[in-house]
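Listed below are the structures to be examined.
Each of the next two complexes has subunit A plus one other chain: subunit B in the first, subunit C in the second.
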Partner chain A sequence: MGLLCSRNRHSNEADAKENAQAEEIERRIEQETRAEKHIQKLLLLGAGESGKSTIFKQIKLLFQTGFDEAELKSYISVIHANVYQTIKVLFDGLKEFSQNETDSSKYVLSGENKEIGEKLSEIGGKLEYPRLTKELAQEIETLWKDPAIQETYARGNELQVPDSAHYFMENLQRFSDANYIPTKDDVLFARVRTTGVVEIQFSPVGENKKSGEVYRLFDVGGQRNERRKWIHLFEGVTAVIFCAAISDYDQTLFEDEQKNRMMETKELFDWVLKQPCFEKTSFMLFLNKFDIFEKKVLKVPLNVCEWFKDYQPVSTGKQEVEHAYEFVKKKFEELYFESNTPDRGRIFKIYRTTALDQKLVKKTFKLVDETLRLRRRNQYEAGLL
Partner chain B sequence: MASCAVEGGCPSDYIAVAIAILSIILLIARSILPCVLHKIPRTKGSGFWIPVIQVFASFNLLLSIVMSVHFLKFKKTHWMLSCYIWGVWVEGPLGFGLLLSCRIAQAFQLYNIFVKRRLPAIRSHIFLPLMLLPWIAVAAFIHAKKPLNARCHMGTYWVIPAVCLHILYLAALVGFTRAIQHIEFRFDELKDLWHGIIVSALSIGLWVSAYILNEIHEEISWLQVASRFLLLIMSSILVVVFFSISSSQPLLSQISLRRREPLEFKTMGKALGIPDSGLLLQREPVVAIDPNEPLEKLLLNKKFRQSFMAFAASCLAGETVHFFEEVHELAKIPIDDPVRRIYMARHIIDKYIAAGAAMEVNISHKTHQEILTTTDLAHADLFKNALNEVIQLMKMNLAKDYWSSMYFMKFKEEASMRSSGCELEQMSGWNYSPRLSFVHATDDPFHHDHFPKGSSHDSYHSD
Partner chain C sequence: MPMFQPSRRDGVVAGFDGSGDGQVLDLDTAVKDGILGGVGGGVIGAAVCEKLDLKKMIEELDLPDIPPVFICPISLEPMQDPVTLCTGQTYERSNILKWFNLGHYTCPITMQELWDDSVTPNRTLYHLICTWFSQKYLLMKKRSEDVQGRASELLITLKKVKGQARVQALKELHQVVSSHATARKAVVEEGGIAVISSLLGPFTSHAVGSEAIGILVNLELDSESKTNLMQPAKISLMVDMLNEGSIETKISCTHLIEKLMEEKDFRPEVVSSHSLLVGLMRLVKDKRHTNGILPGLSLLGSICLLKEVRSLIVRIGAVSQLVELLPALEPDCLELALFVLDTLSSLPEGIGSLKDCPNTIPNLVRLLMRFSENCTQYALSILWSVCKLAPEECSSVAVEAGLGAKLLLIQCGCNPALKQRSAELLKLCRLNYTDTIFISKCKLTRTIQ
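Coming up: the complex of A and B.
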């Protein structure tokens, strides 16, 4: 691993021609083995909770057979687990705030909600979660509607509240139904921390059915401990899809509550760009979670994040959202071009995505596919294939 | 004879210097040899640096004695050859002081972990400089007062406080060691410390007498030569014998060449004598695996756990199952045996919890901090929350795919073959059942050492 990637280029003129020839031969061998299979390797990289697995699920839905009933049913336990975990995080956060805040009257639960909260918190800490019954769902909903919990939720960025918390709490009645079968949206919203690596192989069947392109997509875990496993996948990658959740500029990491998520993403993106294996790899940056970003940026200024501290809001409403988005996009571009010249020969494209939106992901992926196909054609024409 | 006693260069001096050089070579060999011979990987952190600092300090000590006590004949006009640098600074803060401070740091760490039962609050890279401050202060004081004569001798008045400082540090080492003497260490830590103390006490005794004789009776030349000789020999022996580090990490104790082979124990569990640790019992009852049972119960079955572990390793998530196993082994150690519990807990923390650890598991920040700032390393529920999180991770990520993977099928076949009394030896690895080995693509990134090439271990490959 890495023999190809970490080789140094000797700039001695006398050896240059020899080296070029050797490289040419190696390249041809490599391309030939790849051309035999036409398989292009795509990696989904990014920090924790940036939307990689959701994109992965979307690709599965779009280009494979989708989820059958058995697979949908297998997500019931996941969704129930998410519900319990969410309410537990909120309740525990509430307790923490009520102990630490000077004005703790906001964080006092009314009536019997305290006991309900304790009970749910205990359930959430167990290994096996009970089935979500109507009664439990009712209790959770009551607790969710309590003003103290809503106050806590408003400060959810200081806790590890999942982004889909609102969705789960609003659909409790449906989830607790005895014959509940998760919908596609439920599956997309369901949150499971990925550990290790997952892969699928697919062929994007477009208008031209004879495309013959086969992609192999790899999904990884984003937390810090998972990143040491990434190196096993770095060789022979056609394109890296780097997911960056632009809405978490005011949140901290799951694995390190002292570090801001956007700063971590910035450092991670920089690190990935500098990998020697990715010298010729195309980079597709997905600026994800735009739907959450839209709402958040009007309430929480961008400059709470150190990287965006020079941001100046100009207007309000939709214009402001666009302005903020362009600012963030520019920051990422600057980061890329800090160490990469535009004529380097490496493709770099930025896409605005909301991984939960199937149409958008389909459109985005088609653009990615076109870009990669164009690149392959150019390489072929240049005699490199 | 008289001149060589004053200026240096007597035959005995050269012999002494040669022995000193030999002892340094021996010391360096002792520190490097275990790594080279047994190919043990380098430890990170204080486990590596403290021995290195010890070697450095030993070298300094010997060098300072050679330079300041006229062993060799050379012009003393250059400022670098000044008495103060060698006799005071290099011998004190950078030599003997550093040497003993390393040992005290080690004893302090052991005290923290086994008596106080918490991970040391002061890291050794802060503790060590702290211990050196008195030496630096005294050295600066001596340098300011300049009591040394042309022959680098201090005179009676100044020798006493210098020697007192040496003895003070030895006393501190004795004190810390006595505080932990009631602990039944598993890996000779205490023995090593006492060993070190006895050696240093003995040598300090001889050294002091040689030093005093050297200093006080400047006129008697044979005494000068003899005491000088003794001083250097004593120091050479001291540094070599003093040097053996034992941390409570037997698997990584690369420095001491013990009688016992360091690689005898492949797992910490075995080293601590935990029953059934790592053994694959052939006579384990063949239990029918029911996928509907909770995963944590199924994982208690060794064979199932092995199969699941291999599957997890193929998806690069093997640390979860290893963590489960080691915490399970920790639970086997009785509560009334805190020493062994602490060893195991530390091992688990270093391997799975510490940031950047080789097999770091995916747990939340809160759980992480709870473990690292615990006040009782021997507590029964130290890893409970972490284990819960890891099991949840396994259930949600790996369990589903395991049931439809080739690993599970193979496990079922093996179980049914075993229960029908077939000889296990007939199953020769992966190719005993052709229908299970569908060939995977050659650029498989999940190739793992467990399974030979060609056997399929990708269950996510949707056909």
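Coming up: the complex of A and C.
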């Protein structure tokens, strides 16, 4: 009897301890779930090369500790790769034009540049790139300055010349320095195709220090073959930041050279808007690459893009730029509202951005933050929170 | 006859105790303020009174809490020429003389017969009244100058500061401008409109924007300011705030945009915006803040006068939303809503939406002859257009909804145009029914039949 009693007591103690532990775990899970609820998820979406990753990097620079030296150095190989890729695209493009054009004399390289071009094109086609030495940098610069290449660059929209081509070509000397450490701007311009998903968590601290909002920002791959990876991220997102490069209206896709980039963006935006999981999500549309748009719209008419075919220019200079921008903005608005009946009461705002300009991105993000806080306040007042 | 009741507070007659509120002429304060002549204030008071016209001051001040001893018992207005009778009671000279002229030689308050019909000017009371009003008047003038001064200061501050300081300055200016006409004048005269407009742009925060709009909507805007405010980036900001702001901000934005539309060279594309129209519809449908409905409908009404924008209004689905709203609207809102629907019915897509919405006919029929004649006119016009579009379908629905009786009612007592229209509609509706069935549908009693 006594034994039984004592054994019972032992097992009771063991049970109690287990229960206490289980309770502790439960409590912690509950706490973390509650904490999770306060973290607002932001999803960066958009077609390839729309500037999503640049925005991502900017946020990292603005609201986290930025990039440390190791991280900066990790970009050296990326930047060198971008240099090789750029010059290869230009050289290959030049060869294509010289074969097809009637006035192919424009596309003839002078002197030794043809050999240099062939060599660089071969390097650029390999899987691994050599380090950018001073000699290679010099050769690339010589080739870049060749009039034929400049002619090719002028028609860069017909090829897959990256937007940052000019930046890379102008900074070759610095890039090829033996002790080169990339600057913040270098990192922002560097282009890597995002595969998979990257995320950062941050809190925008500003004058309004008691804001205390915690955001988790996700960046996903933009090219078509990566989109299936987005699906599992759609639940519980506070806001979608959709990036659209408005300077793309005369360019074609990397993955499908028959498709106009702006048309692709239009279709993607429409598809995203219709997803049921985004029924209550706020949409922040970033009309990006305004700096390139500004210059391009005065030289290349908007109506080369089918979506903008009813555009009529009204004046010149700054006024015309503003008018063109308003036109593009209205087109996106039209798309949003006419794919969105009945009106679900979602927040939809359009922002003009130039992702490479840190000050502008900071200002823009402050506005996004304000909008999301206002939304929470309105929902709270409406008794939804 | 008014019986003057001296206010008895705690059994003490007014005017003789030191305690009390502004109603009672507090002796202590009166001495301190110089009304009773202490500290040399009395002399100044009288002198000031001569310069400032007492009548003008009384009118301008329009104060509710004038000491009862200053009030004429006959007219209940402050006295400007107090005279005392032999009974010791004081009245306004013109009033007591009128009393005498009517043949009464009694003291209105004490009801005693007068043994002496002379009226003595009560200089003491006159002095007190003058001084009291002068003090109040000077105080008001000073406060108003202070307010003007404050408004000027705030404008200067706004040109210099940013961030939270800017928001604070705007908030205060908003408050000051809303409550003082002098502040408004000061802001306009010192180029404040341009300063505030310059704060509005694509990167303006909501905090700054909402206060700025709140200020601008209170001010008289000239042509140049209005044109400036019509820049696309500024309008975008207003539209955003109309969608996101508090109800007061939403209403301010609505009023401001409507003001801008009054401008001569107003270009319709400024309001040709999905965001604006969707935002307006949300405002109009807001059940929690009903004070936004009238301003929203008013702006919508102004916008649908612009032919170019009408089809956009229809495309965003405004027609069915307005139809669903009709039963719940107040009469003044109702007339506006019906006006909008009537205007939109002139478009093929508009009348199509009206026909497709199942509640159009029942809601409109219910409205006939229940509110203003304008309401009936618009409702009838819409019903006519809808029935003409699809006579077979719509007439039967209309008749089932009780249109017949209403039409007959209109025939009995409305203006000729309305009668004519209702006669036409009646003809249209009767086409598919025999007389007997139609009459029975009208649910008329035997006598009327």
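Throughout what follows, the second predicted complex is superposed on the first by the 345 of 385 C-alpha atoms of A that agree within 3 Å, B and C clash if a C-alpha of one lies under 4 Å from a C-alpha of the other, contacts with A are read in each partner's own complex, and residues count from 1 in each chain.
Please note the rule applied: a residue touches a chain if its C-beta (ideal position, glycine included) is under 8 Å from a C-beta of that chain, and two chains touch if they have at least 3 such contacts.
What you see is a predicted model; the values in this text were computed from it and never measured.
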Subunit C versus subunit B on the shared subunit A, clash or fit after superposition:
fit
Partner touching more residues of subunit A, whether subunit B or subunit C
B
Which partner chains sit in contact with A:Q160 here, subunit B, subunit C, both or neither? Use first/second/both/neither.
first
Contacts of A:E279 with subunit B and subunit C, given as first, second, both or neither
neither
Counting only touches as set out at the top, which of subunit B and subunit C does A:E26 meet: first, second, both, neither?
neither
Where does A:E18 make contact in the superposed view: on subunit B (first), on subunit C (second), on both, or on neither?
neither
Under the stated touch criterion, which partner chain does A:E370 make contact with: subunit B (first), subunit C (second), both, or neither?
second
Per the contact definition in the header, classify A:V197: touching subunit B only (first), subunit C only (second), both, or neither.
first
Let me test your reading of the model: by the given contact rule, A:G236 touches which partner, first (subunit B), second (subunit C), both or neither?
first
Is A:E112 touching the first partner subunit B, the second partner subunit C, both, or neither of them?
neither
Between subunit B and subunit C, what minimal C-alpha to C-alpha distance in angstrom results from the superposition?
29
Touching both subunit C and subunit B, counted on subunit A across the two superposed complexes
none
The subunit B residues in contact with subunit A across the complex are 294, 296, 312, 315-317, 319-320, 355, 357, 360-366, 368, 388, 391-393, 396-398, 400, 441, 443, 445-446, 458, 460-462
Quick one: in the complex, what on subunit A touches subunit B?
33, 37, 39, 64-65, 74, 78, 81, 125-128, 160, 192-201, 218, 221, 223-226, 228-229, 232-233, 235-236, 253-257
Subunit C residues touching subunit A - in the complex, by the definition given at the top
163-164, 202-203, 205-207, 232, 236, 240, 243-245, 273-275, 278, 281-282, 288, 315-317
Touch list for subunit A against partner subunit C, complex:
207, 322, 326, 330, 333-334, 336-338, 341-343, 345, 347-352, 363-364, 366-367, 370-371, 374-375, 378, 382
